[in-house]
Amino acid sequence: MQMNKPLLRVEGLKKYFPIRKGLIGKTVGHVKAIDNVSFHVNEGETLGIVGESGCGKSTTGRTIMQLLEPTEGVVEFQGKDLTKLSANEIRAVRRDIQMVFQDPYASLNPRHTIGKILEEPLIVHGGGSAKDRRKKVVEFLRIVGLSEYHAKRYPHQFSGGQRQRIGIARALMTNPKLIIADEPVSALDVSIQAQVLNLMQDLQKEFNLTYIFIAHDLGVVRHISDRVAVMYLGKIVEITESEELYANPLHPYTQALLSAVPVPDPNYKKEQIIIEGDMPSPANPPSGCAFHTRCPFKMDVCTKITPVLAEEKTGHSVACHLYTAEGNDDIERKKQLEGSV
Amino acid sequence: MSEFTPKVDGVAEAKLEKTTGPWREAWVGFRKSKVAVVGAVIVIFFILLALFGPLVTKEGINEQLMTDRLQPPSSEYWFGTDDFGRDIFSRIIHGARISLSVGFFSVVGSIVVGSFLGIIAGYYGRWIDTIISRIFDIMLAFPSILLAIAIVSVLGPSLRNALIAIAIINVPNFGRLIRSKVLSIKEDEYITAAKAIGMKDFRILFSHILPNSMAPVIVQGTLAIATAILEAAALGFLGLGAEAPYPEWGKMLADSKDYLQNAPWTMIFPGLAIMLTVLGFNLMGDGLRDALDPKMKS
Amino acid sequence: MRKGKLWSFALIMLLVLSTALAACSGGDDKEGSGDKDKDAADKGGSENKTLVFGRGGDSTSLDPSRVTEGETFKVTVNLFETLLNFGEQDTTVQPGLAKEYDTSEDGLTYTFQLEEGVKFHDGTDFNAEAVVKNFERWANGDSDTFPYYNSMFGGFKDDEDHVIESVKADGESTVIITLKRPQAPFLKNLAMSMFAISSPEAFEKGDDEYERNPVGTGPFKFVEWKPNETITIEKNEEYWQEGLPKLDRIIFQAIPDNSARLNALLSGEIDLADGINPADGVKIEDNDTLQLFERPSMNVGYLGLTVTREPFDKKEVRQAMNYAIDKQSIVDSFFEGRAEVAKNAMPSSISGYNDDVEDYAYDPEKAKELLKEAGLEDGFEMELWAMPVPRPYMPDGTKVAEAIQSNLADVGIKAKIVSYEWATYLDKASKGEADAFMLGWTGDNGDADNFLYVLLDEDNIGSNNYTYFKNDETHKLFLEAQTEVDEDKRIELYKQAQEILHEEAPWVPLAHSIPLLGGAKELTGFVPHPTGSDLLSNVEFK
Amino acid sequence: MFNYTIKRLLQLIPVLLGMTFLVFMLIRAIPGNPAQVILGQQATKEAVEALTIKLGLDQPWYTQYFSYLGGILKGDLGESMRTRLPVADEVWPYLAATLELALFAMIIAVVVGINAGIISAWFQNSWFDYSAMVLALVGVSMPIFWLGLMGQWAFAIELQWLPTTGRENVRDPVSAITNLYIIDTLIQGRFDQLWVVIKHLILPGLALATIPMAIIARMTRSSMLEVMRSDYIRTARAKGQKMFWVVYKHALKNAIIPVLTVIGLQIGLLLGGAILTETIFAWPGIGRYIYDAINFRDYPVIQSGILIVAFIFVMINLIVDLLYGLIDPRIKYD
Amino acid sequence: MNERKKLLEVNDLQTTFFTDSGEIPAVDHVDFYVREGEVLGIVGESGCGKSVTSLSIMQLVPSPPGKITGGEILFEGQDLLKKTEKEMREIRGNDVAMIFQEPMTSLNPLFTIGNQMSEAISLHQKKWSKKQIKERAIEMLKLVGLPRSEEIMKEYPHQLSGGMRQRVMIAMALVCDPKVLIADEPTTALDVTIQAQILKLMRDLNERMNTAILLITHDLGVVAETCERVVVMYAGQVIEEAPTEEIFENPCHPYTRGLIQSVPDMRDKKDRLYSIPGNVPKPGSIDKGCRFAARCESAFSRCWIETPELYRNSENHQTRCFLYDEQEGVTNANEQTTVKS
């Protein structure tokens, strides 16, 4: 499955938001929303991006879409670097990359009927006659589990789950290859969330879609993803296949994250690693490894040198000094660790 | 909001087969508000008066009958006569046409110009925004009535020029409103969604941003008509508005303020007419706000 | 924290309470604040010796020679005196600071004998030297500093048209003025309040300083000026005329709005108010505590027809306008009868008035006939300019305009009423941009020249001749009259001119209004002067 | 906070420049020669021409503008063409008169308006709420010149409870120190005069207060209603706090910010917009000063008068903005 | 466990919202109880009435439009619904305290933490001096794990992170040693790592101070990790009630079962999630039969006509489902269980 060629390749992507202060709005610093992120997505697979709020996972999605202009880096889609395209060319590419948003209500124009909302991508990309378009709208309404008569209604007349189906239908209208789903189920009730996740899986098979699935819920991500990237403070700290990640997390943050998720089984006794404190501000990230302020295995080197994402095992990369040469030099610490892990 | 607030969305499957668009919903909400309905009734009453009143009143509202000067209200002259012996009742009815037109057209004028500037400023931002916003700031820094007086002074006092002056002083209000609305809608997720689809800016502007910023404009517009009528009356009162012999209410007040003690009806009725009309628009505006744009503040 | 809150809450409540209290206790005080205020003021003496004079505007200066505007003279006439005075209620020439005067045969030399022992308010002596210094001051000025001097005496020291050759002191109390050429109204000019004699010591400190701190010889001394609010003057104890003035203090209060001023009078806050609307005259007459004063008329209100503009370039049309307008009805309604219907360009009180002129009757048919003769049987459209501000000669321009508009409509002339604010109005009218405009004139010195020449001679086109009327015959008559020293001959010349003006009809003369004042009943000795500047030294409360 | 203040002050510069320019151009667009007006109807043509030159009115507009601007920078607001006094010297009494009236009106409007709004919101849909809001609506719909005249007629002329016009009993004038007569009489311990001054303030003050009072009441109510729905109000109640303190401590402080904005705007409007009230009550204020100046085409007075009013207006809004910072710690001005 | 006294008893509680579009019974004949020192979970999806139930106990239901229309709420044997507003004020915050979902908005943004803490104390400890109050506040802040408690007293809510704010909320709620703490979705708005911290804190406090906790949540994982006993609500009704282990091992109501199966499990990956069809009903939209019938795969004719009661299927397990009505026979239920799990 992973032998497919990459559909999307992201290399050294950075997105800094300037912080302006003072009399003339001088830039005094940057919020490093994404800081040197690299990964690739193969055709037909689902890459999950997981992390806590403020880690930059949504910004990553939007930067790939070129909704935000990247500060630096390469976003290569089907061999084309999107960052180098003109505005018009990007618009054309968006036929192939679509997005599904978190808030299914906010992402639908309240003054448009569902029919109009679904038709719009077709109009924008010149998708056939009015009649064809309407036919296609009805077809996709059915595909996502809604009915023809829903086309005449307005977004507020639908429940959250139905709206998310509409959002998904809209993304499918132009037959895209890649769908970036930004927290598509986090606003939904559990029973509805399951429906939407199932729908997304079905659609993936049917239309050979590639997903980038951004979420904070580790359970959901695990369920839907083939590979998972864990982000912390604008950086990917670990990326690997999902089975591997959940079975054998390498980064202390991943470990803490996994252990923090409450499991709906009172008999399941896990060893809880509760990390203290909060995520630092991305405007003023800690030096060295961004996680060192909360890391239970902090070494001296962690405060000084930023660890690089490197392949620890085949297909399993991690950015942590526990697995780097610099880290290994910190032998005393390493020894202590061996006992505790 | 917390979950106990009944949400509309659940209704969908169970009850509504009929399409209810946002405008229809607003209409339903509007009808429910007693205040709004009272306002609408008053406004419609004055609109009908303006349209058809002149057909039923006495001929020659400007006909002067010096022998009948300052007659108190009677069966012949319902509201009495003024110092030219003219029938105040007929004049007030004709005056409705003037006040309503001034209110309506000045506000339409400010909306058109204000929207244009506001959209440009809000959507394109950068230096265009800076310039337009600064101009708005400058205009808003003047007390509006002073600015109106100055403008009328330049153009010469007349009804038309009063209308223009009122339109001008209201432009920055609408401009700012639209600008802020555009700015906030621009951040809405469905705009991002539209961009993600690959939609062009121009189309986003006209198909998404404009229709969604109309609600507050309609509300503000209704309220602004109320203010505009008051401002026109104030200019008329200062002698900078309607020229004689137009039966403009503010001018009628100014003309009769010397008779307050001898012939109070000459003052009371035009004053009441102004107040009622303005009240009508204010009530209606309030109702519209609740129906269209519950989050907007006065 | 909560205690702090409580305090601020209490403070707010206190404020509410005090506001409410203020409103309520105002109600308890049945006597009325006006009366109460008066009581307070009266406590000093047994009788009221303070007069509050409510008027339409504030003075712009207290140096009368520097302005042309009436509100200033209302005050300065009580602070200063002129060499000669006008009569109590007319414009005949009476002795003032000069107890005697003498005119030479050729009308070029005037000799004045001054009152002796008169002192300025600053204690310096009034004498011939002081008079000379005043004249020198004016003659050395320019039209900005002394605008009236310029208009009345033909310019300044080095100007060719300057009338005055020299002003010389002959001893302590004799002044001799020599003219370059005869000027008929010369003595009347000297009686105008702008040529009042100031203390040289005071004005030598600087003109700008002086106009805030006037020093004259008049019955009252300057006390305080609160701009746009009040000017207070008080009794000059050293005044040279025995027993005068009778009041201790006069306060001129500016109340721009006519109704507001009337209201203040009704409530007793002011004792005397000018600019009473004709409509309110009856109300004052009917009021037991008030009395109405009529100021003798020395003005004319007219509808000017710009003769350079079509169709008013045709005499028939101008005459038609005269026939079309029902002046009597206008006078009855908007002057409430407190005006004389005008037929000439000057009021009847001025010598030279031609009563033989027969006025155009109100005759719409005749008007239509004349229009037909002029080839305008279908009428025409015109702009009718209405003054935006009340003036003594026209208490409510817009209303009169509305009445005229209605009259004109009867003969088929569609008039659109146009108004600009006052500055623009005068400016545009003087440029001849109006078809027909309402305007008027209040005489400065009661001379026919001050009406006929100033308003209707070609020399004043672009200035006060707004109609652009030009007539060789009248021009000749006016110039002749200016230098004619023989009074009877002058009168004849002006009468001739009025005949011509009547026939040519550049105006529709409307009315000579009688400006009204209202005062408290117990006020005595108040005699309104036709010039609008009232000497108040004889006024007192009964 | 300091930096923010400075920043806002600097941002004012272009606005103020724009304002001077706008006013300058606007009044020069008004037809009519000021020299004519100054000299009056009786003046001769030569006199008018001479004065025109003397006033520099024959100069091109930009020369006039820049010399005016230059003057402002030196603290010279020009000299009234009519009274020949420096505007800077003569403007204060007018400004003070209006300030006193506007502040008096504003205090009434704020005290009554805010409390009415709070109580209306607290007892939403009660009879008080309904009647207060109907009154408020009538208030904003009221032509104040009409209200003022009616009030004058009723309370000053018919009932004679209050004086009709002016600021003081002119027979017993207040000796001006600050020109704010309430303060002046207090300083001098003239409580009899203070009482008279307050009586003079009541009618015009109430007329002027009507609209802001109504607006403030409506604003407070809607703002309070919104705040009352918020979670921290629920928290405060869950602690067992009394409703009175929930409303006046927790809710009011949060609800006051939009109300402050309105108050700031209204003070500004009152300053220049009081022309009608000042006319009716013969109040010697800045509105009339400017209005008269427009009639007399007294350029320096119009320019500087409007500039002063606008400047105060802008400053009040700045103060309001800074107040936000004091009330709301979330607004960090650094 | 059973010998512990019932501290709070809710019997037949009905709370109705009177809206323009009719009466909505948000809480419909709800019964449950909390024992001393116990952690009871109320779990359900949005709109099931769990929050209104908790607000009803505090009598803080926004009124209008809401009104408690029936039932009783016994606290230590006394009916809270019969208390005056003044008496209720004495109980609120003192005997029964409450914390809310949004720590961001539940603290007044314009007052310092110290001010808000002190307010909570001084309202019920009227004789305490300022110093005592301050000391108590600082002590409580320390207790909930806020290290810089003295500084925090002077800070404003916006200066704290979400997790810290929720700790402050908890400290504030516990400041008067309440007997019951009602926690309405206390961790929903927080990130997982922070959620883990807060849950641990609540468990610790429960043990140390023996405060009974009524934990309202939609997250079954949170329930499994924290609660002793669970009440499941659906559409305004209690549909199942049992000890936590029992619920997860032997869920009886088809809804509970469906809910548990809908949650993507972190531990092993299923190909497809179970999903309950249909949407969460709007409160008040179903007035006849079982509220869940329309979505229930086991529904039979009776479910559409009669309204089920809570049937007791074991000593401490009740279910509102006809499958457990003795009339229907136990076999029915057993069959269902085997089929489903």
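Observations, loosely collected:
The chains carry the letters A, B, C, D and E, assigned in the order they are written, with residues numbered from 1 in each.
In the analysis below, a residue touches a chain if its C-beta (ideal position, glycine included) is under 8 Å from a C-beta of that chain, and two chains touch if they have at least 3 such contacts.
Quantities reported herein were computed from a predicted structural model and do not represent experimental measurements.
When C-beta pairs in contact are tallied for each pair of chains, C-D comes out on top. Using mean Cα coordinates as chain centres, the one most removed from subunit A is C. Here the spacing of subunit B and subunit E, counted between their Cα centres, is 50 Å. In whole angstrom, the spacing between the mean C-alpha positions of subunit C and subunit E is 88.
In whole angstrom, the spacing between the mean C-alpha positions of subunit B and subunit D is 24.
Centre-to-centre, using mean CA coordinates, subunit A is 49 Å away from subunit B. Counting partner chains per residue, subunit E has residues 46, 55, 62, 279-280 touching two or more of them.
Counting partners per residue, subunit D has 30-31, 149, 153, 157, 279, 294 as the residues that reach two or more other chains.
Shown for subunit C are the residues in touch with two or more other chains, namely 259, 420-421, 424.
Chain contact summary for the complex, subunit D toward subunit E: residues 124-125, 229-232, 234-243, 250, 253-254, 327-330. Taken in their complex, subunit B has these residues touching subunit C: 62-64, 66, 69, 83-84, 153, 156-158, 239-240, 243-245, 255, 257-262.
For subunit A in complex with subunit B, the residues that touch the partner chain are 62, 65, 67, 90-95, 98-99, 101-103, 106-111, 113, 120-121, 124-125, 152-154, 156-160, 162-163, 167, 170, 174.
Of all residues in subunit C, only 2, 5, 9, 12, 15-16, 19, 22-23, 26-27, 29, 31-35, 37-38, 40-41, 50, 52, 60-61, 67-69, 142-144, 147-148, 150-151, 155, 208, 211-212, 224, 226-230, 232, 251, 253-257, 259-261, 263-264, 266-267, 269-270, 389, 420-428, 430, 441, 444, 460, 462-464 touch subunit D in the complex they form. Residues of subunit C that touch subunit B in their complex: 258-259, 262, 277, 279-280, 283, 329, 332-334, 386, 388, 398-399, 401-403, 405-406, 416-421, 424.
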